[in-house]
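Each structure below is given as structure tokens.
Below, chain A partners chain B and then partners chain C, in two separate complexes.
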Partner chain A sequence: MEKQPPAWSRLLDLSDKALAVLLLAPAGLLLSLIIVYPVLRLIYTSFFSLSLTSGLPAEFVGLENYQLMIEDPVFWETTWNTVLITLITVPGALVVGMGLALLANLPFRRQWPVRLSLLIPWALPLSFAGLIFAWFFHSEYGVVNDVLSRFGIEGVIWFNSPNLAFAAICLTIIWKTSSFMALIILAGLQTIPRSLYEAADVDGAGRIRQFFEITLPLLKPAIVVALIFRTITALQTFDIPFMMTGGGPGTSTATLAMYIHQNTVSFLDLGYGSALAVVMFALSMCVTVIYLRIIRTKE
Partner chain B sequence: MNKSVVAGALLSASIFGLSAPAFADTELKVYISSQHQPQVWRQVLDKFEAANPGTKVTIETGGNTSEAQAQYLNTIMSAKDSSLDVLILDVIRPAQFAAAGWTSPFEGKDMSVYLPAYAEANTVDGKVVALPAFADSMFLYYRKDLLEKYGIEPPKTWDELKAAVKKINGGENNADLQGLSFQGKAIEGAVCTFLLPYWSQGKTLVDNGKLTFDKTAAVNSLKLWKSMVDDGISKKNIAEVATDDTRKEFQAGNVVFAVNWSYAWAQSQGKDSAVAGKVGVTRLPAVAGGEQATCLGGWEWGVSAYSKNQDAAKKLVSFLSSQEASKHMAANGSLLPTYPALYQDADVLKAAPWFADAKQVVETAKPRPVTPRYNEVSEVIRTTVNAVLAGVTTPEDGAAQIEARLKRILR
Partner chain C sequence: MSQVTASGPQSVLSGKPLRLIAAAILLVNGMFPALWILFTSLKTEAELTVKPITWLPHAPTIANYLQAFSDQPLHIFLFNSFMVALLSTCMTLLVSVLAAYALARLNLKYRGLILSAIIAVSTFPLVTLLVPLFEIMRALNLLNTWIALILPYTVLSLPVCTLMLVSFFEGIPRDLENAAMIDGCTRLGALFKVVVPLCAPGVFTAGILAFVNAWDEFLLALSFNSNPALRTLPVGIQLYQGEFAFPWPVISAALVVGIVPVAILIVIFQERVVSGLTAGGIKG
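Coming up: the complex of A and B.
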């Protein structure tokens, strides 16, 4: 009589494809639980009039929340602020981060102080950075106005002016996020073989030429990765303006994420808040798709 | 020698110990904001525990501003979390909590024992949704020493206040001395900032749930505060000033007049106060030809609708809101009572003599609009006040924005 093969060995009889599906199933299930379900639920809620302060049950209203959004000046203002913050702080953090990475990559005898100082802004919680810089830019007790006065420049009330408040926020975000850019770029820099530069030296290429001909092209993958992460977090900017200005003066420095938080957590208008969040989700998706396209075409 | 006695004691102790859980079968958790002296409330809770063996009460603290506290509770309550049994609520919140179905009503509770404003603030659609914890209102703090030095009476109108500041500033010649500190930051206090001169003109904002906005009065109100900045009475960065900044500036001796809540008194008399013994407290001034008005404050106790110990929680709230507890908090925590009689109580007045004059102020204080959508109303007003004081919006545009946005919220 022939012996039945043990149960586990039947797994091996499966085709490669079926096995792959089987082995991926737990991960797929987990992903759909923690990502797909909440996103679908968010989109679903955005079609309802669901306000906890109204005392009324949820009611299906179709696209009404989206229509309200188009007529809502605060939505446009906060979206524009968010886009502007992204357009200013992402390139800003890239340039500063690149500089910091090159500095940290210089052949100092002791590199750890440079690298440690790179890590500190990255390791600070966002809201903490916002709190610290709110004090830095305070018109009376702040260090920024104090430094300005030492150079004979009269201090300004940063948070009284939409433009100055916006500038203060962008500077803070660049300070906070450039170290993250620097860390990724530094890792990229260290994969570039020394021999390339030695060869360039022999060929008589100057430092600047070496940077543009060797460093930058070889850094491209690291830069793109850093840019994707930074752009998406920039679109979700919340903590730093929340702690620094609370969106003020008026609503001139409020971001879309702050407006979502206000509608859902403070006003308890879950329907409208969800619709706003769907827009932010769509914005992040668009940006990711654009970046991925760029990488593919480049390859 | 008395081994058996010891053994017997141990035995009975262990029996008592074992059976203790059978008595302590009710555990209640009370949420108190950290700025509301949880350690003094603890003394009241200890009294409750002593009178109700078998009930254990623990405190959870958090959120040291009204907004932070509300955001925390909004998250907990919208998740239908049953971990909190009793909640302390800002006087502006019972209506919202009741509309969301987050608090359990108190059936047949006699509210006439409290000051009328608090009986009203806790009654929504004829139902008692929370009970008063303590009263509060905004006062005008002033430097008694400086006013006496220049022979000035405490001002009754804002114009008198401006004149007083000019006289004092002229004589003192101190660039660090500010005339008036008030709240210009986009916080809850800025809503009161707007309402003080608005009400003073005899206008209401909401009546029976209907918007009764008076644009002229709103423009006047915003103009008044802007003129404080433009005339040099208040400092240029007043849009950065929050409630506790006002308290600190006044306490450091850098302010002649300050608009603040009652809590500032105890600290201004403290050891590290530069103005201890030099502080006067009076009613807030009126606009010329108007009536003196102030903003009603105070906090309330509510029972969470998701609490699994409804009866025990209600019993606790009734105790926390009792005259006995109110007296303890007035004498030990300088919290204004919601019972009229306590303002003449000898023990209370011994601890806080100025309470004798505070009752008439609290009695005439006006509540902020009672609506479930108060958070939105508040946001509209405070961001506009902030923008006007920062010079980003004119008083006229600000009033128009408030009107347009309030019409949408309270339609």
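Coming up: the complex of A and C.
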């Protein structure tokens, strides 16, 4: 006997086109509410003077917020810090991640300890990593100064000096992000056929030459994808410096994301906060466009 | 070692001692920070201020854990984090399963364009949306609710999960669905009765990614929820810090409590998480 489908399910027996619209609608609605409309709204608000603390109604001021920004030394400092963090931690995480991936690719009998050692840093919240490393770099009771003193090096007060605080933040970010980089590179390494290395052995190529002539070129696609994503997330750096130094001393370790947060949530200056965000959005979109180009040429 | 082996770079590089050193480096790098926090959480305040510092706790105590729960409502932070993460994970999965099915199966005209848009969205800096989202949540009266976090967190994981699920769905033979439809299933029925169960491991992996993303998020949780009863764990942990004092053992205990749930997920599902992350998830 043929089983009749229930009436409601026949109602849902739509054409492909109607079904596609129906299935994509929830995602589309959510993306419109949380991304598309806010972006438009962001650009719009950036042309207004809108401060919730002043009690004044929103007033159209044209490019005034942007002009303020150009004259604002804190904007330039936080942007420079963001760019510097990106320039240091992205290559840093790549080098460390590559090292970890090469180690993890050795023929271990048990794989789970290797996987765990790469997954735990990835799953650890950024804000937790910031707190944990703030404790590591504690001037009196931190483990970093303790290890240094065992080598006869006098410990330093990491968070009193802009440069040292910046270094501590970068080291923390590199630690936190290199494991993910390693996972992506490791996946790439495992797709390289062993026979290529065997052939290179026969030809008498050394390990280092094999790395530069076989491993690196074949890993390039995985590395590029990982690098661009890391760059985009590095531009958004917030949690780790916020937890470790709160941007201090002064504003020497504050990032653009922290400055946006401060203007928005602490000062409730939505107009200026929006103008700052538009700049960051533009920076990030540039990287994304490059990314999409590369992906498309790869396909 | 007594065994005689051919020497040369090959045997040295793949030898057992090297593997042991490599494993040690990997484990110390990956585990040390979490372990150190565990050690700190078991020390007394007195032991913490001894110089030179001790590494292992001499007289382990759970006092810091008790204090972590009594100084601040840690159980409420945990509950909020858990519920927000769970609800946004469910929403992400539901929405991305539907979207991924359309993209994987329905021969859409603008498929490439939609996929590009999804990738573009996944690179989107959430912090730039702080002002407009703040305004939207304020206008909708959603500040200081779970929903103010659940909606953005759903979108945060949506692109990655959708892309992952598209590749999983494409791996399921169409014949299985066709057979189900001949048996009287609708397409949607076939999706939920045949495709999703067959892709259960993939759907599950996507769910773990979404959960970890939501569990970790800090900026929006910090900005949208000022009500103490709604604070999530990353935001709540800040509150242990007094104006002048920084009770490290208690903070460490709170951190351990916050790390354990996700660590358990990772330990149980490590293999799947790695394959999921490298297959589709490219966000870290």
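The definition used in the following text is that the second predicted complex is superposed on the first by the 255 of 299 C-alpha atoms of A that agree within 3 Å, B and C clash if a C-alpha of one lies under 4 Å from a C-alpha of the other, contacts with A are read in each partner's own complex, and residues count from 1 in each chain.
Definition applied: contacts are C-beta pairs under 8 Å (C-beta built on N, C-alpha and C of every residue); 3 or more make two chains touch, one makes a residue touch a chain.
Bear in mind the structure is a predicted one, so any value in this text is a computation, not a measurement.
Trainee: Check the residue A:Asp16 against both partner chains and state whether it touches chain B (first), chain C (second), both, or neither.
Mentor: After superposition on chain A, A:Asp16 lies in contact with chain C alone.
Trainee: Considering only the touch criterion stated at the top, classify A:Phe267 as touching first (chain B), second (chain C), both, or neither.
Mentor: Once the two structures are laid over each other on A, A:Phe267 reaches chain B alone.
Trainee: If you tally the residues of chain A touched by each partner, is the higher count for chain B or for chain C?
Mentor: Of chain B and chain C, the partner in contact with more residues of chain A is C.
Trainee: Applying the touch criterion given at the start, work out whether A:Glu154 contacts chain B, chain C, both or neither, answering first, second, both or neither.
Mentor: In the superposition, A:Glu154 touches no partner, neither chain B nor chain C.
Trainee: Answer with first, second, both or neither: which of chain B and chain C does A:Asp203 touch in the superposed model?
Mentor: neither
Trainee: With both complexes overlaid on chain A, does A:Glu71 touch chain B (first), chain C (second), both or neither?
Mentor: A:Glu71: touches no partner chain.
Trainee: So in the superposed three-chain picture, is A:Leu124 touching just chain B, just chain C, both, or none of them (first/second/both/neither)?
Mentor: Touch status of A:Leu124: second partner only.
Trainee: Looking at A:Glu140, would you say it contacts chain B, chain C, both, or neither? Reply first, second, both or neither.
Mentor: Both: A:Glu140 reaches chain B and chain C.
Trainee: On chain A, which stretch or stretches are contacted by chain B in one complex as well as by chain C in the other?
Mentor: 138, 140, 265, 270
Trainee: Hey, which residues of chain C end up touching chain A in the complex?
Mentor: For this pair, the touching residues of chain C are 9-10, 13-14, 18-19, 22-23, 25-27, 29-31, 33-34, 36-37, 40, 48-49, 51-53, 55, 94-96, 98-99, 101-103, 106-108, 114, 116, 119-121, 123-136, 151-152, 154-155, 158, 162, 183-189, 212, 215-216, 218-219, 222-223, 233-234, 237-238, 248, 251-252, 255, 258-259, 262-263, 265-267, 270-271, 273-274, 277-278, 282-284.
Trainee: How about chain A: which of its residues touch chain C in the complex?
Mentor: It comes out as residues 2-5, 9-10, 12-14, 16, 19-20, 23-24, 26-27, 30-31, 33-35, 37-39, 41-42, 45, 100, 103-104, 106-108, 111-129, 131-133, 135-136, 138, 140-141, 143, 146, 149, 175, 177, 179-181, 183-184, 186-187, 201, 206-207, 225-226, 229-230, 232-233, 235-236, 238-239, 242-243, 257, 260-261, 264-265, 270, 273-274, 277-278, 280-281, 284, 287-288, 291-292, 295-296.
Trainee: Within their complex, state which residues of chain A touch chain B.
Mentor: 52-55, 138-140, 157, 159-162, 246-252, 262, 265-268, 270
Trainee: Which part of chain B faces chain A closely enough to touch in the complex?
Mentor: 67, 70-71, 74-75, 78, 96, 99-101, 185-186, 236-237, 239-240, 372-373, 375-376, 379, 383-384, 386-387, 390-393
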